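All chains are identified by letter, namely A, B and C, in their written order; residue positions are counted from 1 within each chain.
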Amino acid sequence: MGYDFDFTAISNNAGLLLHGAGLTLLLAAIAATIGVALSIGGAATILWGHRWARRAVQTYVEVIRNTPFIVQLFFIFFGLPSLGVRIPAVTAAALAMTINLTAYGIEIVRAGIGSVSPGQREAGLSLGISPVSVFIFVVLPQAIATVYPALVSQIVITMLESAVVSQIAVSDLTHAADLIQSRTYRAFETYFVVAVMYLAMALTLRWALNRAGRQLFAGKA
Amino acid sequence: MPLPPDAATPMIEMRHVNKWYGDFQVLKDISLSVSKGERVVICGPSGSGKSTAIRCINRLEQHQQGQIFVEGVELTDKVKNIEHVRREVGMVFQQFNLVPHLTILDNLTLAPRRVRKQSRKEAEARAMQYLERVKIAEQAHKYPSQLSGGQQQRVAIARSLCMEPHILLFDEPTSALDPEMIKEVLDVMVSLAEDHMTMICVTHEMGFARTVADKIVFMDHGQIIEMAPPQEFFTAPRNPRTQLFLSQVLSH
Amino acid sequence: MVELSLTQIVPFLLLAARWTLLLSAIAFVGGGVGATLLLLWRYGAPRVGGRATSLFIQLFQGTPLLLQLFLVFFGLPMIGIDVTPLMAAGVALTLYASAFLAEIWRGCVDSIPRGQWDASDSLGMTFLIQMRYVILPQSLRIAIPPTVGFLVQLLKSTALASIVGFNELTRSGQIVANATFQPFIVYGLVALIYFAMCYPLTVGSRVLERRLRTAR
C-alpha cells in the first residue's frame, strides 16, 4: 500500500480479469441484440399501436429512464423472488441490462423513424405494398442508418453501466477486480487497471460497431 | 361491392368530394370523371388543392365528404378496397422517393415481389423491360444517389409501371428537376400517353398539356373552375380566373 | 426479520432521499464550476486546453462511474486524505459531472456561429470579455434543456454512492429490504421516490426544449 504501487498482483490474476471482461462483453452483446430488436418493436408500438399498448410502452420508457439502473437491478434480482420468480444473478443482470437499454433505444429508434421523409412511406404505399412491409423494407433501414451512432453510444453506455452488476455477485470484470483487491489489498492498482480495461473495451466496441455500420450502410444514403 | 367494369363505367369517378384540414377546406365539391385511356391534366396555382385531389384517389389523403370510385370500387376505410386500388393505381411523386438503400433493380422489383408475389427472376425480367422502356437499363445495378434527378424520375416511372397499373397519377413530376432534365421525363410521359395509358397529371408544363391531354382541369382555391379539351382551354378560356392564370403561366 | 409498516418505511426512505438531493446538488454545482474551468481552458488555449479537456472528457465518459468512485475512494487515502463516503462520492461525482457538462456545454458554445467570435474579435474584445458578454449569454439559452436533462442523470448516479457506504436512498433501501425481507415493496418504493425526483426534471427539460425551438 502507500506510494509504492505494486502491479504484480494484477498480472498474477490476468486470467480472472479476462474471464470477467468476457462476461461483461457477453452481457453487453445480449442486451444489445435483444434490446435493439425490442426497441424497434417498442418504437413501432408508440407510433402506430393501440392506445393502451402505446401508453404501456411510454410508461415503461419513462419509469426506466427516471430511475437508477442499480435500483432496477435490485428490484429484479431481490424483488422478483418474493413473488415466487427466482432467477440466477447472471440472468437478472442480462434482463436488467436489456430492459434498461430498450427504454433508451425506443426513443432513439423513434427519432430515427421520424427523420425518414414521409415521401418514402407514401411511395411504398402507393405501390400497393402493405404498411407493415413498407415499414420493414423501406422506412426502418433508413431510420436505423440515421440513428446508428446514437445506438452505438447507448450500447457502450450500457456496457459501462454493467459494472454495477458486480454488486449481485455476477462474475463480470468489476467483480473480478473486487476479488483481486480483497485478496491483495491493492485496491487502487487493481481498479486502475480495470478502469483502463473498460476504457479499452469501450473504445474497441465503439470502433468495431461503427466499422460494421459503415459496411452495412456504405454509400447507399 | 365493386361494380363490374364496362365501357360505360369510368376508370375514376369523383363525386362531390369535400376535404378539410381542420377548419380549412382544401377541396370544395370536386366532381371529376376519367375514362379508360383518357389523359387528364390538372393545373392551377399553388395551394389550389390539385395535389390533394389526386392523393385522395390512392388514399394517401382521406376525403371527408363525397365519393371516389376507382374502376367501380369505392374508396372507403375498408383496407381491402384501399389495397386493391393501390395495386391498380400508380403514382409518380415530385420528389421521386426512390428507396435509397436498394439498387435501381431492387427498387423496381420490391413491390411486384412483395405484393404480386412474383419470383425474383420474373420480377427482374419485367423490371429490365421497363428500364429499357424509359431508356435507363444500364443503370440497373446502381443506387439512386448515383443518378441524376431526371434519371431518378424515369426510374420512378418505371417502378410504377412494374406493377402494371391501369391508371397512373403524376404529382408535379418535373417540378423538382433542373430545366435541362425536364425534357427526358416529359418524353417518357408523352410516350406513355401515346400508348393510351389512363393518366391524371398535375403539372405546370403547359406544352405537355397541349400536346397530349384529352382534357384539362383548372383548379383554384380547392374548386374546379374550368374543364375543357386543350384547344378550347388554351384559345377560349371562359372563366376570368382561368384567363388570369393562363396569362401568368404562358408568358414565358 | 423486522416487522415494519409502510408508515415507518416511507419516512425513513424519504429522509434518506435528502442525502441523495444533497449529493446531487454538490456534484451539480461542483461539476458546473469544473466544466466552466474546462471550457475556459479549451477556448482560451485551444491547442493545449482543447486536447487536455478532450482527454479528460473521454476518460470520464469511457470508464464506468463505479470505478471512478472506487479510484477516488481508495486513492485519496493514499495521498494522506482521510475520506468519508460522502467526500469520495462528492469528489468522484463532481469530476464526472465536470466532464459531462463540459461536453454538453461545448456543443452549445460550438453551435454559436463563427461570426459572433469574429465580430467581437474585430471590436478588440479580449477572450474573457467575449465569453462573458457575447458567447456565454447566447449559449446559456441553448444549454439549459440538456443541462436539466443531465441533472436527472446525476440524480440517478448518486445511487452508486451506496456502494461505498454513503447512506443515501438506495443504501437505506437495501438496509430496510434486508431487515424486513420485503425487497419487492421496498425497492419498489425506492424506485418510486427516485421517479418522483427525476420525472419533473425530465418533463421540465422537454418543456424548455420546446420553448427554445419555438422561440428561435
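Here is the rule we use: a contact is a pair of C-beta atoms (placed from the backbone, for glycine too) under 8 Å apart; a residue touches a chain by one contact, two chains touch by 3 or more.
Since the model is a prediction, treat every value here as computed from it, not as a measurement.
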Third chains touching both subunit C and subunit A: none
Chain separated most widely from subunit A, comparing mean CA positions: B
Chain whose Cα centroid lies nearest the overall Cα centroid: A
Pair of chains with maximal C-beta contact number: A-C
Averaged-CA centre spacing for the pair subunit C and subunit A, given as whole angstrom: 21
Geometric centre distance via CA averages, subunit C-subunit B, whole Å: 56
Where subunit A and subunit B are represented by their mean Cα positions, the distance between them in whole Å: 46
Contact set on subunit B toward subunit A in their complex: 58, 60, 83, 86-87, 89-91, 93, 95, 97-102, 110-111, 114-115, 143, 145, 156, 159-160, 163
Residue ranges of subunit A in contact with subunit C within the complex: 1-3, 62-63, 65-72, 74-75, 78-83, 160-164, 166-167, 174, 177, 181, 187-188, 191-192, 194-195, 198-199, 202-203
Of all residues in subunit C, those that touch subunit A in their complex: 59, 62-68, 70-71, 74-75, 78, 152, 156-160, 162-163, 170, 173-174, 177, 181-184, 187-188, 190-191, 194-195, 198-199, 202
Footprint of subunit B on subunit A - complex, ascending: 117, 119-120, 122-130, 133, 137-138, 141-142, 145, 217, 219-221
